[in-house]
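Alright, structures below, take your time with them.
In the two complexes below, chain A is the common chain; its partner is chain B in one and chain C in the other.
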Partner chain A sequence: MGRALALITTIFKKDLVSELRAKESVVTMVTFSVLILVLFSMAFEPSRETVREILPGLIWMSLIFSGILGLNRTYARERFNDCLIGILSSPIAPYHIYIGKAASSLVQLFIVEIITFPLYFVFYDLEIDGSLGILLLTMLLGSVGFILVGTFLAALTSNLRSNDALLPVILFPLLVPVLLASIEATSAIFAGLTLNQYLPWLKLILVYDLVFLVVPLLLFDYLMEVD
Partner chain B sequence: MIEGINLSKTYGNKNVLRDISLTIPKGEFTAVLGPNGAGKSTLLKILALMSKPDSGEVKIGKQSFVNLKGELKRKIGILSHSSFLYPELTAYENLQFYGRLYDVRHLEEQIISVIKKVGLLLALNEPVYTFSRGMLQRLSIARALIHSPEVIFLDEPFTGLDQQGISLLQDVLKDLKSSQKTILIVTHSFEQGMEDIDRILIINKGQIAADFPTENLQAGDLKRIYVEKVAS
Partner chain C sequence: MKHTSSLKRVLLASTFVSMLVSLYLVFVWVPVERQMGPVQKIFYFHVPSAWVAFLAFFVVFAASLMYLKTKLALYDIIAGSSAQVGVVFTTIVLITGPIWGKASWGTWWTWDPRLTTTLILWFIYLAYLIIRNSAKGHEKNLRLAAVFGIIGFIDVPIVFMAVRWWRTIHPVVFEANNIGLPTSMLTTLMVCLLTFTLLYFVLLLKSMKIEQAERKLQNLISEALKAY
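This part shows the complex of A and B:
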């Protein structure tokens, strides 16, 4: 267990250090996310009621779109110089790579969320009637689900031509449950509903997270075989 | 010792390897020659446990890779024409990364030892994207040796190297041979790195077309045998 954790941490740190040096993904993701929220506020000038209705969807969609930009880079870096072959020729289990990369992508998405989320309060005069703590928990669980399935599918498409375009096409259908549940839970928190009213959505996100933690662990060996 | 038993591999409709069996004794330096598409690199990938054969088995020592893949990989070092290095990281960070994957003990000392061997001590903290092709290949050699492997696989390692890089790689190969490492090199070059080779395998159309020691080989013999076997 200790050795597995050490290997996962090694992959995680390497990915994060590489990204912080290159500043390719995070800068693009933040810029894209900020652009969406600015353009949207300029285009529609929504009333406070409309904001409540549309903002949860806007927040999640902009996160998912900007997150996909980052996911596309996750394996592109490994293909350069055939680094993935270098990793796979070492005594590492493919699931160590998967978890390490997912953790690194999650941290990058959190950076985007930390920078862009306060801007929604500025641009849309947003007020939250529910618990900020539960909202953050929802953001965390939803982001984990998105990154888990996204990291897995990014590995699947990384060897293919036009993988940048292909990833969203196969990712979005699989994201429907977690995206829908995250938007519904976020809407309920914005509206100040009681926890019991949106608890089923949170449970759905949690189950989704668990499924997409376990399924890739079972399949990642096959994905990573070097041919 | 490396042993490949009845190895076969198919990609689509193409039989890349057809029932190949070979044994490479400990400490032997073997070259695998063959035309493009003969199955050389596929054989290397299978022997280096990077790819599974459709049928057959690989053993290193007496251990089969079926249940001990992770443990066996510790014994293997791979040097390819790709560097496997991350450009944003420094030479030190790249070696540290691979050292940690192999769980190398006394990693700091080992990094200094291999980096000195390839003459890159002064560039240890430089990011890899600033390295020339020759420096990259030297660092790749250090990466391949960071965990002191017993068996070293080299896939077209001379590709893109300048004369200085070729000399350095030849020195490293001599050094490895003298320390009784088992070496398998895949190449289509007859000139580079051939001086210390004990045995030559010629692969053609997924099968071993010739397998002979180099000790009594005269100048020109290799080219003649190669042309004969590949043409047939």
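This part shows the complex of A and C:
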């Protein structure tokens, strides 16, 4: 267990360090999600009441759109010089690669969230009636689900041609449950509903996260097979 | 070889007969529903199509699992062919559903759990077919399609759960009609279900045959190119 954790951390650190040095994805992701936020506020010219209704959906959609940009790069880095074969021939199991990469993508998405989220208060005059802690928990759980499935499918599309366009097409249908649950929970928290009114959504996100934490354990090897 | 082709002929013949019987039952024998009128007859095509779609996607799931386990090309061909048939029938469900909905609910579309799940299902297996098509017969890429065929199926119940909660938290606009079916309608539905199931196997076998022929052709071409 400790050894697995060490291997996962190795991949995680490697990915995060090389990303933060090159700043390939993160800068693009942050800029893109801020752009979406600004463009939407121009497109819909939101009055105070309507904004509240669409804001949770907008926040999550912009996260997912900018997240896709990062996910598409997850395995691109390994294509040069056959890096992936190098990693696979080291004693690191494919599942460890998967978790390590997912963790690194998750941190990148958090960076986007931390920078973008305060801007919603500025541009949309956002007010939160519910607890901020539970909102952050919802953001965390939802992001985990999104990144887990996204990292898995990015490994799948990285093997195919036209992979950049393909990832959203195959990823979005699978994201429906976690997206729906996250948006519903977020809007409940914004509106200040009581916890047991949206607890089912948090549970659903948790189930989704667990399913896509375990399923890759059985299937990820097949995505990494080299022949 | 002789044996399988005669089996196929039996399947084809029984599908033909069963389809004639179904058409007779639907359009002549079964009484017209009092409230909805003739439009209710869509029911006899809509429900069996939905059943076949789910059956087809289950076959994709099972065949994908078998393909990853055994690496036998046959399982991959079954999965791919079944997904094609499944998408066609899901499309039929998504076309007939709104027509019926417009007549009985007065609206083309509602975000009802079953409708929404079917729509998402359609997107998932369309994605599966796109992956499989871009695999271009490479064994490794066919494995990718199989992996997607498995996780797509695992996702479906979660989608259904999510949409059901989504709709129950929101006000329910349309109650599910729990009216028990009269025997004549039930009989017709059952026969139609049988017909569509037989039709599924006919189409599956045809689609598999086409795929096998395509692969054979591809092999011949590459051999010929090598000889040249």
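As a convention for this text, the second predicted complex is superposed on the first by the 227 of 227 C-alpha atoms of A that agree within 3 Å, B and C clash if a C-alpha of one lies under 4 Å from a C-alpha of the other, contacts with A are read in each partner's own complex, and residues count from 1 in each chain.
Just so we're on the same page, a residue touches a chain if its C-beta (ideal position, glycine included) is under 8 Å from a C-beta of that chain, and two chains touch if they have at least 3 such contacts.
The structure presented is a predicted model; accordingly, all values stated were derived computationally and were not measured.
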So, A:81: does it touch chain B (first), chain C (second), both, or neither? first
Could you look at A:28 and tell me whether it touches chain B, chain C, both or neither (first, second, both, neither)? neither
Have a look at where A:90 lands relative to chain B and chain C in the superposition and call it first, second, both or neither. first
Between chain B and chain C, whom does A:160 touch in the aligned arrangement: first, second, both, or neither? second
Using the touch definition from the top, say if A:18 reaches chain B (first), chain C (second), both or neither. first
Looking at the overlay, does A:10 come into contact with chain B only (first), chain C only (second), both, or neither? first
Looking at the overlay, what does A:152 touch: chain B (first), chain C (second), both, or neither? second
Find the residues of chain A that appear in the contact set with chain B and again in the contact set with chain C. 225-227
Using the touch rule from the top, collect the residues of chain A that touch chain C in their complex. 152-153, 156, 159-162, 166, 169-170, 172-174, 176-177, 180-181, 184, 200-201, 204, 207-208, 211-212, 215, 219, 222-223, 225-227
Chain B residues touching chain A - in the complex, by the definition given at the top: 11, 45, 48-52, 69-71, 73-74, 76, 78, 80, 82-89, 93, 97-98, 100-103, 127, 143
Residue ranges of chain C in contact with chain A within the complex: 68, 120, 123-124, 127-128, 130-131, 134-135, 139-141, 143-144, 146-148, 150-152, 154-155, 158-159, 161-163, 165-166, 169
Going by the contact rule set out above, which residues of chain A touch chain B in the complex? 3, 6-7, 10, 14, 17-18, 21-22, 77, 80-83, 85-93, 225-227
